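Every chain is named by a letter (A, B, C, D, E, F, G and H) in the order it is written, and numbering of its residues begins at 1.
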Amino acid sequence: MNADALKELLENVKNGSLPVGKALERLKDLPYADMGYAMVDHHRALRRGHPETIFSQGKTVDQVVGIARRLLEKDANIMATRADQTVYEALKTIGGRVEYHPAARIVVMNRQPITPTRTNILVMCAGTADIPVAEEAAVTAEVMGNRVVRLTDVGVAGIHRLLANREKIRTASVLVVVAGMDGALPSVAAGLTDKPVIAVPTSIGYGASFGGLAALLTMLNSCANGVTVVNIDNGYGAGYAASMINRIASE
Amino acid sequence: MNADALKELLENVKNGSLPVGKALERLKDLPYADMGYAMVDHHRALRRGHPETIFSQGKTVDQVVGIARRLLEKDANIMATRADQTVYEALKTIGGRVEYHPAARIVVMNRQPITPTRTNILVMCAGTADIPVAEEAAVTAEVMGNRVVRLTDVGVAGIHRLLANREKIRTASVLVVVAGMDGALPSVAAGLTDKPVIAVPTSIGYGASFGGLAALLTMLNSCANGVTVVNIDNGYGAGYAASMINRIASE
Amino acid sequence: MNADALKELLENVKNGSLPVGKALERLKDLPYADMGYAMVDHHRALRRGHPETIFSQGKTVDQVVGIARRLLEKDANIMATRADQTVYEALKTIGGRVEYHPAARIVVMNRQPITPTRTNILVMCAGTADIPVAEEAAVTAEVMGNRVVRLTDVGVAGIHRLLANREKIRTASVLVVVAGMDGALPSVAAGLTDKPVIAVPTSIGYGASFGGLAALLTMLNSCANGVTVVNIDNGYGAGYAASMINRIASE
Amino acid sequence: MNADALKELLENVKNGSLPVGKALERLKDLPYADMGYAMVDHHRALRRGHPETIFSQGKTVDQVVGIARRLLEKDANIMATRADQTVYEALKTIGGRVEYHPAARIVVMNRQPITPTRTNILVMCAGTADIPVAEEAAVTAEVMGNRVVRLTDVGVAGIHRLLANREKIRTASVLVVVAGMDGALPSVAAGLTDKPVIAVPTSIGYGASFGGLAALLTMLNSCANGVTVVNIDNGYGAGYAASMINRIASE
Amino acid sequence: MNADALKELLENVKNGSLPVGKALERLKDLPYADMGYAMVDHHRALRRGHPETIFSQGKTVDQVVGIARRLLEKDANIMATRADQTVYEALKTIGGRVEYHPAARIVVMNRQPITPTRTNILVMCAGTADIPVAEEAAVTAEVMGNRVVRLTDVGVAGIHRLLANREKIRTASVLVVVAGMDGALPSVAAGLTDKPVIAVPTSIGYGASFGGLAALLTMLNSCANGVTVVNIDNGYGAGYAASMINRIASE
Amino acid sequence: MNADALKELLENVKNGSLPVGKALERLKDLPYADMGYAMVDHHRALRRGHPETIFSQGKTVDQVVGIARRLLEKDANIMATRADQTVYEALKTIGGRVEYHPAARIVVMNRQPITPTRTNILVMCAGTADIPVAEEAAVTAEVMGNRVVRLTDVGVAGIHRLLANREKIRTASVLVVVAGMDGALPSVAAGLTDKPVIAVPTSIGYGASFGGLAALLTMLNSCANGVTVVNIDNGYGAGYAASMINRIASE
Amino acid sequence: MNADALKELLENVKNGSLPVGKALERLKDLPYADMGYAMVDHHRALRRGHPETIFSQGKTVDQVVGIARRLLEKDANIMATRADQTVYEALKTIGGRVEYHPAARIVVMNRQPITPTRTNILVMCAGTADIPVAEEAAVTAEVMGNRVVRLTDVGVAGIHRLLANREKIRTASVLVVVAGMDGALPSVAAGLTDKPVIAVPTSIGYGASFGGLAALLTMLNSCANGVTVVNIDNGYGAGYAASMINRIASE
Amino acid sequence: MNADALKELLENVKNGSLPVGKALERLKDLPYADMGYAMVDHHRALRRGHPETIFSQGKTVDQVVGIARRLLEKDANIMATRADQTVYEALKTIGGRVEYHPAARIVVMNRQPITPTRTNILVMCAGTADIPVAEEAAVTAEVMGNRVVRLTDVGVAGIHRLLANREKIRTASVLVVVAGMDGALPSVAAGLTDKPVIAVPTSIGYGASFGGLAALLTMLNSCANGVTVVNIDNGYGAGYAASMINRIASE
C-alpha cells in the first residue's frame, strides 16, 4: 500500500464511504505489508545515497544484462563488479554511458554527476598481486564521489617504503589497507594514523595462506586501534564503507 | 635523538664545533633512530587523540598495576579492559580518580574532561548474553567522549522488535552491532541505515558456534553494504573504531 | 501503534478532528513502527502457539529469574532449558506451578492445559551418554502437548537392537534421532521409515569427534531421504521442530 | 527368503515333509537373510511412497543410463538430479516419458499420476545465484505431488521485500529457505511463521564463505524456533523432507 | 522371537494347532523382529568372542555400576575403560573378582580363564606421556588373552633406540604403535616389519598439535605399507583390533 | 657394506692381513652405514614379501617409466597405482607381461606366480561412485595373492541389502569397507562380524563432506569394535593391510 | 632525503644560508621520511647481501618482465621463482645473461660473481614428487653462492636408505629437509645431526594431507631439537634461510 | 653390541676360535643392533653438544624427578622446561646445583662450565603477555652458553619503538622473535636485518586467534626473507635452534 492508496483510504474514512472497521481490517497487516517497493530495489539508491550494484560473479552474462536493463528503466546509477571484458561488451549494447575499469573489474553505467568530497580516502596495498582488490576498492569509492589516493607495494618487510609515505597516511580521513600473505600491513599502518582503517585480506598467497584465511586472521587479531575487517577479496565492501565514512568527513 | 639534541647538533655544525662529515655520520641512522619515546608509549594518547588502554586479560594484577603506575606518572588518561573486581580494587590503591564499570569489565582512571560529541553511536545487541561485549563497546566509546544510545534484545527471529526501533537506527552516525549464535543481526541492521555498521561477533553459543566462529563468518559474508567486522568479543575495538567515526561526524 | 490507537486515529479522521494530512504523517512510519510488542515478547506464545523459552546457559540465576518474573506477569507458559538444580530452586521461589525434569535439565512453569496429540514423536538415541540431549527433545515436545515414545541404546554397531524396534519406528509421525561419536544412527533409522527424521548430533565422544563435529558432518552427509539436522546438543530445537510436524499430523 | 518360500516351508512342516529341526535350521538366519529385494531397490518407492532418485554427479552418463534402464523395467517413477543436458539427451534415448528441468538440473522419467496436495510448500531464496538450488528443491517437491510457491531475491539486507510477502509465508504448511553468503534468511523467515523451516545453505559466496560453510554454520546456530538444516546445496534433500511434511499436512 | 518360541511355533504348525496363514502373519516381521537380545547386549561376548566393555568416561559412577550389575547377572566377562580410582572402588562393592590397572585406567571384572596366544602383540610408544594410551591398548589385549610385549620411549628423533629393538619388532605378529606430537613413529616402525601396524595418535602435545590432530594426520598420511589408524587416544580400539589379528595368527 | 664385503673383511682379520684395530675402525659406523641397498629399494619386496609399488599420481609418465625400468632390471614384481590409460600404454612399451585394471587404475607388471590364499578378503562399498577406490583395494589384494569377494551398493540407508549378504560378511577373514558421504557403513558392518574391518573413506560427496573429511571422521569415531582406518581414497593401503592379515589367516 | 641532500643541508647550516630553525623543521619528519629508496627496492640487495627476487606466480608475464627491466637498470642480481618456460622466454628477450633451471622453476639474470662457501648445505627430500620444491631450495642457495649437496628418495619408511647417507648429514653445516605426505623426515634427520634443520612441507599427497597441512603440522610438532619450519612448498624461503646460516658457517 | 664386544668377536675370528660363518651370522643384524645406548639417552648430550632436556608438562612430579635422577647418574647437564615451583622444589631434594628461572619456567641442574659465545642472540617479543615464551627461549640459549640480548614490548602498531632499537637488531647474529595476536612482528623485524629470524607464535590472544593459530599462519606466510617458524609457544625450540646458529657464528 503506497502513500496515494493510504491517502485515499483515509479520505474514504473521512467521507464515510469506508467504515472504520473495514479500514482497520485493511490496515491490520500494514506493519509487514508491501511498501510499494518492487523486487528490484531501485529505491535503495535514494534511501542509502548510493548506486545499485550488480555482483557479476556467479551470474550469466544474460542475467547481468537483464538486471541492468531493469535498473536503467528506473534511472538508477549502476555499477557491475567482478565484471570481465565479456560483461562489459554485453552491457555496452544496452545503451547509456558505459565505462570499464579493467584492473578493478568494474563496469559503471549511467553515472550521475556527484559532488566530489574535499577529503581523501587512502587505498594502499602490500604487493603487486593485491592490486585488483585495491582497485576494486578505489574505483568503488570514486564512483561514489570520493577523492582517492593510491599507494602500492608497501609491504611490511620493507618498512621504510611505508614510512616514506607518512604524509599520505596522515592526510587521509579513512584508510583502506589491502594485503594478502601474512596480512600484516593494516597493523603497521593503523599505528601511524588516528583515522579508521578498513583492512581487506586477499586470497593472494600459497600453502598455509589457505586462500586468504591467514591474512584474514591476522587482521582480525590486529593489536592496532581502529582496524575493522571485511571479507577476503572484498574490495567493493571496503570501498563502500570507506565512502560512508569519508562522506561524513567531507560534510 | 630528540628535538633538543638535534637542535644542538645543528648549532654545533653552524658554529663549526662539529664538522659536516661527523654530523652526517651521526645522522645516518636517524631514519630508524630513537625518537625520544619511552617503551611505554604515553605520547600515543596525544598522537591518536585517545587514552592509554591496558588489556588486563592474561596479565597478573601486579603487571596491570605496574603499567598503570608508569602511565599515571605521565598524566595519561587510562582505561583497563577485561578487568575484574580484583583489578579494580588493586587500581584503587594507587590513587587518582578511579571508576569501575562491572558490566563492561572496564576500569577508568584519571579521566580527562572531554567535549561530548553532538552525534550518537548506537550500540545494539541480539541477546542478553551479548550484553558484556556490547557494554565494553559502549563504555569505551563513552570514555572517549561519545554520546552512546543502547538497544538490547533485538534478535532477527523477532524482527518486529528491531523495526520498532528504526528511529534509533536512523539517528545514529555509526552503529556497533553485537551478536553471537548465528550473527545475523548486522546484515539486517545495515539494511535499515546508510551509516557504517561495525559488527562484533561474540563467543556466545554452543555446538557449531565454535566459540564465535559461526557469527564471525556470518558477519564477514554479510550482503549488506557498509558492514565491517572486528575480532570475536572485541567490544573495545568496535567502540574505539566507532568513536573515530563519530568524532569525525561530530566535528 | 496498537489496534486501539489505530482505531482511535481512524475515528478521529472520520469525525474530522484529525486532518488526512496529519494522519498520513503519523502512519508514514507504520511499516516499521512499534507494533505494541514489548521487548520481552510475551505475545509470541500466541503467534507461534508455543511457550516462552529461557535458554539458561550463560545467564546468571538472577537474569533467569528476572526474565521469568516478567513473563509470568503476562500469564505466559514458561520453559527454562539448560537449567540446573540451582535455577530450579530459584524459580520455585517466585511462585506458580513449577516442575523440574533433571535428566532434560528443563524447568516448566505455569504450564497451561493443552490437548495431547493423537500421533507420536519417537525420540531415540544411540548411547547412554546421549540421554540428556534426547530427554531435552522429549520433554520439550511433551511440554508442547505431544505424545512421545522413547528408545535408547540402539547404536548401529548392534543393528539387531534397532531392528527389534521397527514397530516403534513405523508408528511415529516424526522421529528425533540423537547420536554422538560417529553419528550414523539417523541414516539407518531414516531407511526404515517414510516419515521425517530430525537428527541431533551430540558432543559425546573424544579425540577426532571434535566436540560433536564428526557426528554433525555425518548427519549432514546422510544418504537417507528425509533427514534434516539441528545444532550439536540442540535437543530443544529438535523437540520444537518435531512438535510443529506432529501437531500437523495430529490435526 | 520371500513370502512364497516361507509359506511353502510352513506347509512342508505342516504336512510332515520337513522336520521341525530342519525348518528351524533354515529359519535361523532369517533375521538377517535376503528379503527378496534386489540390489537396485525398486521396492523402496512403495515403502517410502516416493520415486527412485539417481544422483548423477560423479557418475558417467553410461552409469546413469544403466541404472535408469534397470529401474524402468520395474515401472519405477524416476528422477535424475544434478543432471546436465548430456544426461538428459542420453536418457531420452531409452524411451518413456522424459521431462527436463534445466534450472533445477533434474530429469523426470515415467512420472506416475499423483494427487496434488491441497497445501503449499513455500520455497524462497535470498539471491539470484541461489536459484538452481531453490529450483532443485521446488521441482523435487513438485515431482512428489506438492503444490509449490516460489519467492526469490528476498535477502535480509532489504528486509521490506521479505515482509511484503508475509502472506505467502503465512499460508505455507512448510518452508524451504535457501541462502548462501551469510545464510541469515532462515532465521528471519522462521520468526514470521509457526511452521517448520528447512534451511538450505548454498556454496554461493567467496572468501570466508568457504564453499558454503559460513551459511551452514549460521543456519545451525539460528535462534529461531523450528529451523532444521540440510547439507550445502542439497536442494533435493530439502524438497524431499518438505514433501514428507506437506503430505502429512495435506492428508 | 527366540529359538524356543520359533520351535514352538513350528510344532504348532506341524500339529495343526496353528494355521499356516497365521504363522505366516507372525513371521512377517521376523527379518527385523526382536531376536531375543535384551538392550544390554550380553550375548555379543559370544558372538564376537570378547568381553563386554563399559566406556566409563562421560558416565556417572552410578551409571557404570548399574550397567556392570546387569552384565554380571549374565555372567559376562567385563572391562570398564577410562575408569579412575572412584569407579574402581565402586565396582569392588558389587562383588566378583575385580582387578584395577591404574596406568591403563581399566577395571576388569569376572575375568574368564582364556587360552593365551602363542604369538605376540608389540605395543610401543614414543614418549613417557603416551604410556597411558599404550597401556590401555596393552591391557585390553591381555584381557582378551594375548601375549603382549611393551616398548617405550623410542621416539624417531633418537632412531638408534628404535633400531636397537628390531628383534622385538620382527617377532611380533601385529604392532600397536602409539605416538603424540609429530606422530612419526608408525611410519618408521612399519618400515621395519612386514606385519600390520595399528597406529594410535595421542592428544599429547601443545600448540599446533591441536589435541592430537597433527599426529592423526601424520599417521593417515604414512607412506609405509600396512599402517591403519584409530581415533586419538583410542588405546582400547587398537588393542581390540590387534587382538583380532593376533588371535588369527595364533590359531 | 654388503655381506660379501663383510665376509672378506672377516677373512682378512682371520688370515691376519687386516689388524683388529683397523677392522674395528671400519666397522664403527656400521650401525648406520650403507647396507648395500640402492636408492630404489628392490630388496624390500623380499623383506616385506610384496611387490614394488609406484604411486603414479603427481609423477610424469617419463618418471613412472624410468622407475619401472630400474625395477624390472631387478626382476621385481611391479604395481603402478593411480595409473591412467596413458601410463599403461607407456609401460607396455618397455616389455614384460603388462596387465591393466582400468576400474582400479592399476597396472601390474612382471607378476610372479603366487600361491593363492584359502581364506577370503571381503571388499564392500556403499555406492556406485565408491567403486574405483574399492577396486583399488580389491586388485591390490589380488595381485598379492588373495582371494577377494566383492559387494557393492550396500549403503546403510537400505540396511536390508547389507543384511541380505551376511553370509559373505561372516565367511571373510578380514573386511575392507569403502564409503563416502556419511561414511557410516563400516560401523554397521563391523557389528556383524568378529573379524578386523579396514575402513576406507572416499572423497565422494559434496558440500559438508569436505572432500571425504566427513566420512573419515565418522570412521575414526566408530563405536564398533575392530575398525581401523586408512587415508581418504587409499584403496591401495587398505588392500595391502588386508592382505597382510589374510596371509596370516591363510597360513 | 638522501645522503647528498642531507650533506647539502648541513653545509647550508654551516655556512649560514639555512637557519637552524628551518633545518630543524625540514628534519622533523626524517625518522619516517623518504630515505631515497624507490618503490622497487634495488638497494635491498646490498643491505641484505642478496639478489632481488621476483615471485612470478600470480603475476602476468608482462608484470614479471616489467619488474625485471627496472631491476636491471640498477644492475641488480635477479632471480625469478615459480617461473615457467614462458616467463623464461620472455626474460631472455630483455637482454643480459639469463639461465633457466626448469626443475627448480627459477630464472637467474645478471648473476654477479660470488665467492663460493667452503661449507655445505644438504638439501634432502623424501619422495620423487618433492623434487621441484627441493630444487627450488637448492638452486636458490646456489645462486646465493653456497655449495649444495643433494639427497633424494630417503623416506622414513625405508630408514636404511637415510642411514646409509649419514656422512652427508654429518658434514653439512645446515640441512634443508623437504617432505610431503606424513612429513616425518625432518624429525628423523634432525636426530642424526647437531646442525640446524629447516623443514619444508610440500603439498604432495592426497586425502587427509589437505594440501600439505598434515606435513606442516608434523614438522611444527617435531620432537627433535633444531627444527624450524617454512611455509608449504616454500623451497625458496628455506634455501634463503639456509644460505644465511651457511654464510655464517663459511666465514 | 658395543665396541668391546665387537673387538672380542674380531679377535676370536683372528685366533680361529670363531669361524667366519658364525661371525657373519652374529654381525648380520648389526646395522640395526643395540649400539650400547641405554634407553635414557645420556650420550646425546655429547653427540649434539647440548644438555638433556625434560619437558615437564604432562608429566607427574615423580616422573620428572625419576628421569632427572637417572640423568644425574651419568653426569648429564640437565634442563627441565615447563616446570612450575613444585617441580623446582622436588628437584632441589635430589641434590646437585639447582637453579630456577620462574619467568621462563625452567629448572637447570648440574650446569657445566661452558665458554660463552662472543656473538649475541636477540630475543624480542611484542607484548607483556608474550614474556614467558620469550624467557623460555632466552634462558634456554643462556644455559647453552649464549650471550642473549632481550627486547620487549615492541609491537608493530607502535613501529617507532621497534625502529628505536635497530642497533640491537643489527648486532645480533640471529633473532628470536616472539609474538601472539596478529603475529606480525617477525615480518617487520626480518626486514631490518640480514640475519636469520626464528619466529615463535604464542597462544596469547582471544577470539579468532584460535590459541595461536592466527599468529602461526601469519609467520608461515611472512614475505620477509630469512624467517623460519617453530610450534606455538615453543620458546625452548627457538632458543635451541638459535643457539645452534649462534654457536656457528661465534666459532
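Going forward, a residue touches a chain if its C-beta (ideal position, glycine included) is under 8 Å from a C-beta of that chain, and two chains touch if they have at least 3 such contacts.
On a predicted model such as this, the values are computed, not experimentally measured, just so you know.
Annotation of chain F and chain G: jointly contacted by E, H, touch as defined at the top.
With centres defined by CA atoms alone, the chain at the far end from chain A is E. Put simply, the chain farthest from chain H by mean CA position is D. Two chain pairs, B-D and A-G, are weighed by contacting C-beta pairs, with B-D ahead. Chain centres here are Cα means. That of chain A falls 50 Å from that of chain H.
Mean C-alpha position of chain C lies 59 Å from that of chain G. Averaging Cα coordinates per chain places chain E and chain F 25 Å apart.
Our note on geometry: chain B versus chain H, Cα centroid distance of 38 Å, whole angstroms. The set of chain E residues touching two or more other chains comprises 31-33, 35, 158, 160, 163, 192, 207-209, 213, 216, 220-221, 225, 231-232. Across the whole structure, chains are in contact as follows: A-B, A-C, A-D, A-G, A-H, B-C, B-D, B-G, B-H, C-D, C-E, C-F, D-E, D-F, E-F, E-G, E-H, F-G, F-H, G-H. On chain F, the positions that touch chain G within their shared complex are 29, 31-35, 37, 39-41, 44, 57-59, 63, 67, 201, 203, 211-213, 216, 231-234. Residues of chain B that touch chain A in their complex: 31-32, 47-50, 53, 160, 163, 173, 194-196, 198, 216, 220-221, 225-232, 237-238, 240-241, 244-245, 248-249. Per the touch definition, chain B reaches chain G in the complex via residues 3, 6-7, 10-11, 13-14, 16, 20, 23-24, 27-28, 30-33, 35.
Residues of chain G touching chain F in their complex: 128-129, 152-154, 158, 160-161, 163-164, 166, 192, 204, 206-209. In the complex of the two chains, the chain F residues touching chain C come out as 126-127, 155-159, 163, 181-184, 187-188, 190-192, 205, 207-210, 213-215, 217-225.
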